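In what follows, subunit A forms one complex with subunit B and a second complex with subunit C.
Presenting the complex of A and B:
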């Protein structure tokens, strides 16, 4: 069931109606579980096996870990007079080792399933390329949203091991956390500690939640269907015949893809969060006006936030403070000096994070290179920071409006350039096409009608531009006023309802869906 | 409204409910109006999409019902049948109307009236699979909602078509916002007539030419699906005491193979229904294909359609006890209106032909680009 398909819309509408009208408050989480499993079942019944194994192993190992830790802790407390400081340390070390063992087991199983399903063919292809041999790919099922639910489960296992959350004692409730259907398609990557706060609690109908959720769903569909799925038609033509569309066209690709990806991904997240909100469940925000970022670091704090924080919390920090890294840090400070030495471990950790980010996005080398290019750019900008500071001090640009606009534009262009890897899906081709922007001077071609031959009509451009302007203005409102436009509308409920009607009708008419359009899956659904 | 009302107050709740009711009403009205605006109107050029719906406007009883594709709705003048024999007939036909669509149109017709005779043109028997979405829409969109329409859609959908698109045509036609023409606004809420009791008139002349030689086929067996529906049609007619006649219109192209003819003949014999292939009776009908066709022999023009109606009408009155509706005052009055419309249409086409040498308000020249 695609988010944009009629069966999904009907499925969600019926669910929400039954949820509030027929099911007692305390049992509503049960209905959500049934709905989530049904959603997964209709996608492919075999997927249930994968998600079931992942949920069951994480659930069982978490309980074993927690019970074991509790028992050991209780024993220690009860017999504290028998332990001196050394034996206490030893006892705790054994406890930690067992806990770590359970964690490793959970990670091996769940990351193993992820690796086997998603990366087997990537490995085969890579080995074949190295050996210069033809390869036979294996037919592997890739369960929908496996990266998302695996990451959720892994974070749960790690948090249990760290003792920062309490294990869920009901398997069915835990299964709901893993399989909660709106976020199975493309995230966000929720943490148990966050999602469990509202996922299981008895919910009552609240006008604000239902209204906010509803308009957010409409807004998501508007972005996805009116902008993203319309622009994808032109993008396909431009990127599938790259030899015909070089130079200035590559800049057009950058702009179209920046808008398309943003509207596709944020549109999907809006639908996810909107559905959850209508059900009275709070899901973490995944975007915070990323295109208003003034530098790349800020951009990554605002784009796909739950993924960024996941990598920071579960890869960057653990790696940075691991005994090996601490040793390396000490060694490098001694041998390379304080200035360079202190950077070594940070850079290595950062490198690992971006390598993992690239691989997470897809089993292909262009994703790996894309991840590493982000690493290079972030490191370079960090290294150049003192230079920037000097420059700013000398000319006093910092803080001026036009300079802020320049910084935003610069970051936008830089990030849009990096996204070209995803457009052309070939590392060499991406570099060649990027280079052609500076070597092929054909800007005049953009104005000779050739852009009307890529599958987009004048009407399409007009609708897309107007819709993008609307999205921009809504974002600008939030940026300038510091609050969501929904809040302002909700205070005048008639305006709120009118906006819903207009959004609905506009999406129905101007959406790129149905016959004549390919139903396009959300880009992040593949991850 | 944010002013003084607390969100828990009764006034606020009433205000919210009113907003929601009004919002739903505006959304429903908006959807209705947009759908009306965006669906194709078939009022100029390709008018076939309007034909099926016109049946429901007809107020007279029809003792003869013709079913089929362009070989009936362009080749038989219903007015000539009435004028010459007093036969009140209707043609439920549309472009490339498939056999099962004809079957379900018959079912649909039986919800309103039971004709004495059903005449089915057999050309569509050659199609065993749904052919084209656009032709499907021309036939099916015009049907009123019923179990028959539902079944007809299910039997006709090509790959990529969905029932939801038929239930809510806006889902299919929403992208026409980019190609709206003046007729879309003019005919959003009401349509003009394009046929006279299902007959689509053309007065221009283009003599019959050479047709391409028939291509040999790998298999001449008529598809099982269409033959099954033909059997169902026979049974449905029998259940309702309706006489069924199978015909092949007298036009030569698309080619009607001898092997197909033999199979239909055998079927007719098996089920004891008459089958008349008019291809071999062109001289008896009096057709002069140098003047009786408007598109080089594919379809008959007005003079051809009147000759064919005259011939088939003779057969009908000779073999069946049909009412002479010229003697039934109420029906005759309604038919007089139809005849008036028919004559006006003929005069208008002849006037255009006299002025321009071709039709500009009908057919390919009238397609809005």
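Presenting the complex of A and C:
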């Protein structure tokens, strides 16, 4: 059931109506669980087995861990006079070891399922390429949203092991956390500590929540159907026949893909958060005006935020502060000097994070290289920081409006260049195409009507440009005013209603669906 | 506390660590800085800050970080 399909819209509308009109407040989470399982069942009944095993193992192991820790803690408290400092430490170390063992078991099972389903063919292909042999791929089911729900479950298991959250004692409630349908397709990657605060509590109908959620859903569909699904047609032509479209066309690919990916991904997240909000549930924001970032680090703090914080909290930090890394850090500072030495472990951890980020995005080498290229750019910008500071101090550009605009444009172009890996889906081809921008001077071709032969008409360009300008202005409003445009509209409710009507009509009239269009799945659904 | 301020000043000499209470919220310290701090603290105070303590509340101010170090020393 595609988010952009009529059955999904009807499914969601009926759910919201039944949720508020027929189901008692305390039982509403139960309806959400049934809806989530139904959503998954209609996608493919076999998926339920995978998500069920993941949820069950994480649930059981969390309870065992929590109960064991509580028992040990109670014993320690009751017999504290029998423990001196050393024996207390030893006792705690045993508790921690068992807790770690449960965690390792949970991670092995759940990351094992993810690896087996998503990466088996990637490994077969890679081994075949190394041996220069033909390979036979195996037929593996890849459950929808497996990367997202596995990461949610893994974060739950780690947080339980750390003792930062309390285990959910109801399996059905826990299953809802893992399978909550709006975010199953493409995230955000929620943490149990955040989502559980509103997921199970009795909800009452609130006009503000329902209105905010509704307009956000419309906004998401507008971005997805009017911009993303329209531009994808042109992008396909340009990237599937790359030898015909080199040089300046690659720049066009960069611009179209920057708009398409942004509208596709944020559009999907808008629909997700909008549905959740209509149901009275708060889901973490996944974007914070990423295209206004002034450097790559800031960009990654604003784009796919829940994924970035997941990798920071569960890979970067644990790896960086592990005993081995701390020893290495000490050694490198002693032998390489303080300045270089203290960066060694940070960069090793950063490398691991970006390697994992690349692999998480997909079982293909272009994703791996994309991840590592991000690492290279982050490392380079980190190393060049003192030079930038010197430059800024000397010329006093920092903080000036025109210089901020330059920094934003520079970051946008840099990130759009890296996204080319995702466009061409071939490492060699991406480098060749990127290089062609500087070797093939054919900018004139862009103005001889050739861009009207890639599947987009003048009308398509006009609609897309106007829609992108609207998206930009809405983002600019938030940037300048520091608040969402919905808040301003909600204060003038007639304007709010008018905007909903206009958005609905605009999406119906200008949306890229129906005859001649192929309603496409969200890009992040494949992850 | 002075030694801790010194560690922090090494990272950002232009920040008033004595008074600032929004080091994470205002994005003054990033994840790279936090790892550097943990590593320095490990050396100078002989305290290991585990990953689960790397949360904004513990790093938003020098005082919060000092409290964390003191708590871990007691443990």
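To be clear about the criterion, the second predicted complex is superposed on the first by the 527 of 527 C-alpha atoms of A that agree within 3 Å, B and C clash if a C-alpha of one lies under 4 Å from a C-alpha of the other, contacts with A are read in each partner's own complex, and residues count from 1 in each chain.
What we mean here is this: contacts are C-beta pairs under 8 Å (C-beta built on N, C-alpha and C of every residue); 3 or more make two chains touch, one makes a residue touch a chain.
These numbers come from a predicted model, not from an experiment.
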First (subunit B), second (subunit C), both or neither touched by A:82: neither
Touching partner for A:493 - first (subunit B), second (subunit C), both, neither: first
Touched partner set for A:459, first subunit B, second subunit C, both or neither: first
Subunit B versus subunit C as contact partner of A:509, first or second or both or neither: first
First, second, both or neither for A:164, with subunit B first and subunit C second: second
First, second, both or neither for A:324, with subunit B first and subunit C second: neither
Touched partner set for A:241, first subunit B, second subunit C, both or neither: neither
Complex interface listing, subunit A residues touching subunit C: 162-164, 297, 301, 312-313, 316-318, 320-321, 323, 326, 329-330, 342, 345-346, 349-350, 382
Subunit A partner contacts - residues on subunit C that touch it in the complex: 27, 30-32, 34-36, 38-40, 42-43, 48-52, 54
In the complex, subunit A residues that touch subunit B: 6, 207, 457, 459-460, 491-494, 496-498, 500-501, 504-505, 508-517
Touching residues on subunit B, where the partner in the complex is subunit A: 1-2, 7, 15-16, 19-20, 22-23, 26-27, 30-31, 34, 38, 133, 160-162, 164-165, 170-172, 174-175, 177-178
